[in-house]
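Okay, so subunit A shows up in both of these, paired with subunit B first and subunit C after.
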Partner chain A sequence: MKKVKTIRTKAEFSARDFLVKYGFILVTLISFVSFFSTQDTFRLSTTFFSMLKYTSVVAITGLGITFSMAVGGLDLSVGAVAGMAVTLSAMTMVIYDKSAIVAVALVLLAGVVIGCLNAFLIVVLKIPDLLATLASMFAIMGLKLVPVKGQSVSSGMMMQDGTTAPGKFTDTFLKIDSGQLGPIPYAVIVWMLLTVACWFFLTRTTWGRAMYAVGSNPEASLLAGINVKRYRALAYILSSVLASISGMILASRIGQGDISAGNSLLLDSVAVALVGTSVLAMGKPNAWGTALGAFLIGVVITGLTIAGFPYYGQDVVKGAVLLLALVFSFTLSRKKSRFISAV
Partner chain B sequence: MKKSLEIKSVRKSFGTNEVLKGISFRIEPGEIVSLLGANGAGKSTLIKILSGAFTEFDGEIYINDQPANIGSPLQARSQGIETVHQKINEGIVAGLTVAENLLFDRIALGEISRFATPAKMVREAREVLKALSLEWDDQMLKDDVFNLGIADQQLLLLARALSHNPALLILDEPTSALSNAEVSRLFKIIQRLRTDGVAILYVSHRLGEIDELADRLVILRDGVIQTIQDKPFNWTNALHDMLGMDLREAQFGIEEERGTDVVLSVRNAQIFEESKPWSIQVRSGEVTGIIGLLGAGKSELARGLFGAEKLKSGEVEFLGEAFIPKSPADAIKKGVFLISEDRTRDGILENWSISNTTSLPFLKKIASGSLINFGKENDLASRMIEKLNVVTQSHKSTVDSLSGGNQQKVMVGRWLMQNSRLLLLDEPFRGVDIGARREIAGQIRDLVRAGNAAIIFSSDIDEILESSDRVLIMVQGDIKFDSYLSETSRNEIIQKMSEVA
Partner chain C sequence: MKAGKIRLLAITTAALVLTTTAVQSSQAATKPAPFNAGPVKIALVQNSGAGDYFQQWTNGAKKQATAVGFEMQVYDAQADAAKQATDMETAIGSGVKGIIVDHGNADTMCPGINKAIDAGIPVVVYDNDIRKCAPRAVFTSQSDEALATAVLGQAVKDLGKNKTVGYVNVLGIAPLDRRHLVWLKITKAQKWTQKFFVGKFTNSVATDNAQLVDAALKANPKISAIFAPYDELAKGTISAIYQNKLQSKIKVYGIDISNADIDLMTKAGSPWTATAGTDPNAIGAGVVRVMALKLAGQQASTVVSFPGVLITAKFLKTNKIKNMDDLRAKLPSLSMSKAASADWIPSVTF
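Presenting the complex of A and B:
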């Protein structure tokens, strides 16, 4: 009697474990295959790559979120940083007539500076992560409007003094989004390279290891001689830099300094990073999980859009995908994830 | 109403671990019984049973010789049992005013409306305060409870418990946050309650207080009542019974090592605001043991030497140079390692493998530049597992999945894999079986034989006798006694520890 019971529970458990581990990958495959077999347009390789291209912005921002989640926090300012990157690159090229290189350099620099400020608020002033980055989110969203007087910056726009803006979005800059290497858009290549780099950094280097330690148990990390402050600071700097990169891709895509750009990016990128924690039952934020999470949301939204699903239903889909991932992580998984519960 | 309390053959287990192994004693009305026991003796479990927090146990509880049904904290209260728990945070409700906190039980029961006017609350609260003859002004009563100091919070909880006119009062370490003046006021109240016929169970680590208050002493060790003493108490015997005495005494004094080189010297160190400054020298080639009960200041000293917190004052010299570590990382660099007291809170990382946990303090050693060399890491873990005889399936198993003793072996072992000059071990044997304890003690001995120094901090006298060459006694932040084991005796140590009483 007892024996039978043991065997049954064991089988039950392993099915559950399988689901927790591979469930999310399975869902991704199933949705991909079902769209692939039912929608003709979905089968086109151009559809595939443009889907990846559109996904790359959220995915790269999600990598930034992955870092802040790895140290046990969350960076709420990423959307604002991406928006700042859009305005700043437009200003640099359109108003100050500088080259794409200068714009890229300035935006990256701004990313580093904002990251350092966030780190300062969190590590030195000891403001809790969520609150500090909430404050900086508002500050950045507001401050970027000051030099442009609240106006979107576009090529050939009328300046305050009645003259026409001297510069324009340069072709080189526009290439960031529109350019391709063979069939693969540059933006997708950037996304993949950054994913590999983040994966390598987080899993293969002492830096990444220390970050995960800090996120898992800061006191234990401190007593093991880890410089907790340094790694938390680094995570927020990386987060900001990644957000500024995704902002540049966004600027290149829309071709103007749209002041509302990047506004919806925060929630989307948090969602993909959270989804990523459930991939392969990692239970912690990780680069490939984030990439796969972004990919799945991209597949489902593209597939449904092609099938005629209205655009305003997209958030419902994102919510459902996130919910599914959370069911894998919390309801089915037997190991608790401290990283997500900290959020 | 006067009530007696009788506990008969109470047993309680958590899984396979039996914490109370048949406890029986009785408290008469107007009697103060003190429960004495080291950490893990089962005191808290017993208190939780009596206060209705644990409802599943074997055995019986009688109130006035009638079987009592204590199915919940509320039922305990309705039968006249009030408990003031040791952890103040568990009783204080943040965000409410002082008055609301004083009346919280009655608000929760709906006896006082949650929306009563502040003036009414203050009036009612004043009644509660009368029990302790506390005179807090209206402003204070209307203030958020978190603006109260910790001592006042403790008094608040006491007042709240007394407002229910308990027949049985359980006090768990009620004085740990109080100043001397407040303690003597509390004692007057307790003595008055005794005269009124309240039965009181008083739990404290402060022997002096127990000596002053208690009528009887119930000594608990490993879930068993060792002895029950009536006044006047024999403190030496009491400590013997509390701390235990077993065959390990035979090992006492064997192959004692004596070091010559002073590695660490601490001058005029002060642990607490009010404690006396003291100086010690720690030598390499011998194991120094520091014995102190809970709250004696051991962890503060250990963490202070490791740079995890600051000593109140004092100068530290390590290997002939001034030593003021700014952080644990700084101390580790200089060869001072700490194995901290609470491995679950301060050591173990959830879901981390043995390999990753072992390498964490020394990531540089398993990496080329910043690149982790997984071969080196796993090799390090395997060597650690072998050295300490950690029972595990592989180095990939998570540390949380190991037994307590094996978890501790990993916690200690990872520091033994690198060269330390001074190893600080804070309660290294807590929750560790005797086999693992011997193994860990043996490793520490090897370390000092190789010319290093080690300090073991423990509240268990036998652990120190078994593992150390020299023993220091710490009482309320002060070092009271310093001797080699061969020049003292177990009795003398217990004597010195009980002298405070």
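Presenting the complex of A and C:
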């Protein structure tokens, strides 16, 4: 390592390192400024906050992915869990006529249960992460449709026995997405709080450091006396809980138990967690990186939508941004990334 | 495919030229405010702009928007309900004079629609029944009653009273439910005996329903006609009829029209006798005209429905119609240029 350093010229060295470290932030800034200067609508503060609000769902799910990636795996069931949260909260309020608090509690509980189930499959039954969560993804997507007979749950819907559903999405529940503190929507506040909490947990507590250790080298961690199984289990439980929280925000935004909700969430949230690894040359999944990755995707999607780009064009740009970030963290970086072997 | 694209390009160019001339020739009629002072900004908040139908719809909407003097910002949520709600908020904040909402869930869109109206931005909604939760918005739709009445009227003419018939439909989907009501009325009035009622909604409607209709036909081969009020259902029905070699005995009445449908109807010996449809381009344009009328203070009613047109296989065959473009040329009523219009609104062609 030292030898290499001496051979390189100083200028070359710093330009490359600068790109690796700040390249992603630069891309975000450039996208933001270019939309800001060309699109009138993009300049409005209402656009900015509705963009953050839209991003919060992907970002919070991405935080969950960050945990599963930190322990060297990947949780493919997050989108399905969020979708389950949408249907479950709709059922609780519309069909069983319960309050928002009951719905929130049930959804969080369901998140914990599914997380435990994933952990059981991976840690106890020793099924590889990707395969286990792929299976649970399909199971959850199917299971959530059983009690509602495959139909979206909406206020005043016709039930199987011909009566109308007694409840509706309560105003309190709808406030999760539509409410705001000053100009800042609640959903964005939740996102920020969770990001800070996850950052603190992952970097400032022994638990979080142990998770990274497990992810980078499970054998060494085991020899160092870390309970590898426990940390891997914890990561999947946190991942499911975060996904169920984002599902609640989604349900509050849609205002009905849309059965297709959450379907597109998996790929987007993996993308934001992945690009997050390149922020500040961290080389590993991290909370702020995920937040920034989600922000960039939000800027790109909102900006391109306002500019009237067709949806397939948006996907091309999203893919290109992802590639660029990966070039920063894999091609240019001298640090070896060991965390995302699963992908 | 390539030839189709080139043809499409040629037609688009031709239509564009026509549109421009239409705009120029109509300058005579004085435009009311706010159209007399430069382009008026509006937004189109779509649930999905993808797929054959929606592309045509958007195309028609864009053409009419340009012709009438709108600067229209299009938001496409890619069938993501949550994104459509966010787009609505962005649109409200963007300072547009009016917002058109195309499809979506009523529960999801109503809060945003009401917010827009509270902020003084009129909203026109297409095919998303918000009449209960946002009664101040203008609700537009294609008239399913008119479509079903038109095609079943032809069936009554062809068949007469006291016939045995089959029925393929899926209940629980709003437009199909509305067509169902017309079917109930007409079967009762004509004393038709319904021998079977099958149908399910899946990811591949045509294939899956062919199986159901096949089974139903095996049990009831002696019927005179089948009503399948949605083109995918009609496609499934037809393939089941071919499978049972009953095409000379059973007539099929469908609803909707597309290039693929025209192809099926004009095939030699096709059982598909008549359909009723609208041109998605014309509907998109019509909805934009409603917005123009609304902004000019000339749209008092909050419900607008666009009628459909009866199209028989005989008409298609005698006029040698091969696709939608031929049909538009031979059947001008498909363009509905008189529906929801005024003399200061230039009509467009597609």
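Note that in this section the second predicted complex is superposed on the first by the 331 of 343 C-alpha atoms of A that agree within 3 Å, B and C clash if a C-alpha of one lies under 4 Å from a C-alpha of the other, contacts with A are read in each partner's own complex, and residues count from 1 in each chain.
In this section, a residue touches a chain if its C-beta (ideal position, glycine included) is under 8 Å from a C-beta of that chain, and two chains touch if they have at least 3 such contacts.
This one's a predicted model, so the numbers in the text were calculated from it and none came from an experiment.
J.: Look at where subunit B and subunit C land on subunit A after superposing the complexes, then choose clash or fit.
T.: Taken together on subunit A, subunit C would fit alongside subunit B, as the superposition shows.
J.: Based on the superposed arrangement, let me know which partner A:I226 touches: subunit B (first), subunit C (second), both, or neither?
T.: first
J.: After the superposition on A, what does A:S154 contact: first (subunit B), second (subunit C), both or neither?
T.: So A:S154 only meets subunit C here.
J.: Using the touch criterion from the header, give the chain among subunit B and subunit C with more contacted residues in subunit A.
T.: Answer, by number of touched residues of subunit A: C.
J.: Touch check for A:I297: first (subunit B), second (subunit C), both, or neither?
T.: neither
J.: For A:S50 in the superposed arrangement: first (subunit B), second (subunit C), both or neither?
T.: second
J.: Between subunit B (first) and subunit C (second), which, if any, makes contact with A:T305: first, second, both or neither?
T.: Only subunit C is touched by A:T305; subunit B is not.
J.: Which partner does A:I254 contact after superposing on A: first (subunit B), second (subunit C), both, neither?
T.: It touches subunit C, and subunit B stays clear.
J.: Using only CA atoms and the superposition described at the top, report the least gap between subunit B and subunit C in Å.
T.: Between subunit B and subunit C, the shortest C-alpha distance works out to 37 Å.
J.: Intersection of subunit A residues contacting subunit B with those contacting subunit C?
T.: Looking at subunit A, the two contact sets are disjoint.
J.: Quick check: in the complex, which residue numbers of subunit B touch subunit A?
T.: These residues of subunit B touch subunit A: 306, 308, 327-329, 331-333, 338, 340, 345-352, 356, 360-361, 363-364, 367, 370-372.
J.: Could you please specify the touching residues of subunit A with respect to subunit B in the complex?
T.: Going through subunit A, the ones touching subunit B are 204-207, 209-210, 213, 216-217, 219-227, 283, 335-336, 338.
J.: Considering only the defined contacts, which subunit A positions touch subunit C in the complex?
T.: Per the stated touch rule, the residues are 40-41, 44, 46-47, 50-51, 53-54, 57, 151-152, 154-155, 158, 169, 174, 178, 250, 253-256, 258, 260-261, 264, 302, 305-306, 308, 310-311.
J.: Would you tell me which residues of subunit C are touching subunit A in their complex?
T.: Interface residues on the subunit C side: 49-50, 73-76, 78-83, 85-87, 89-90, 92-95, 105-108, 110-111, 172.
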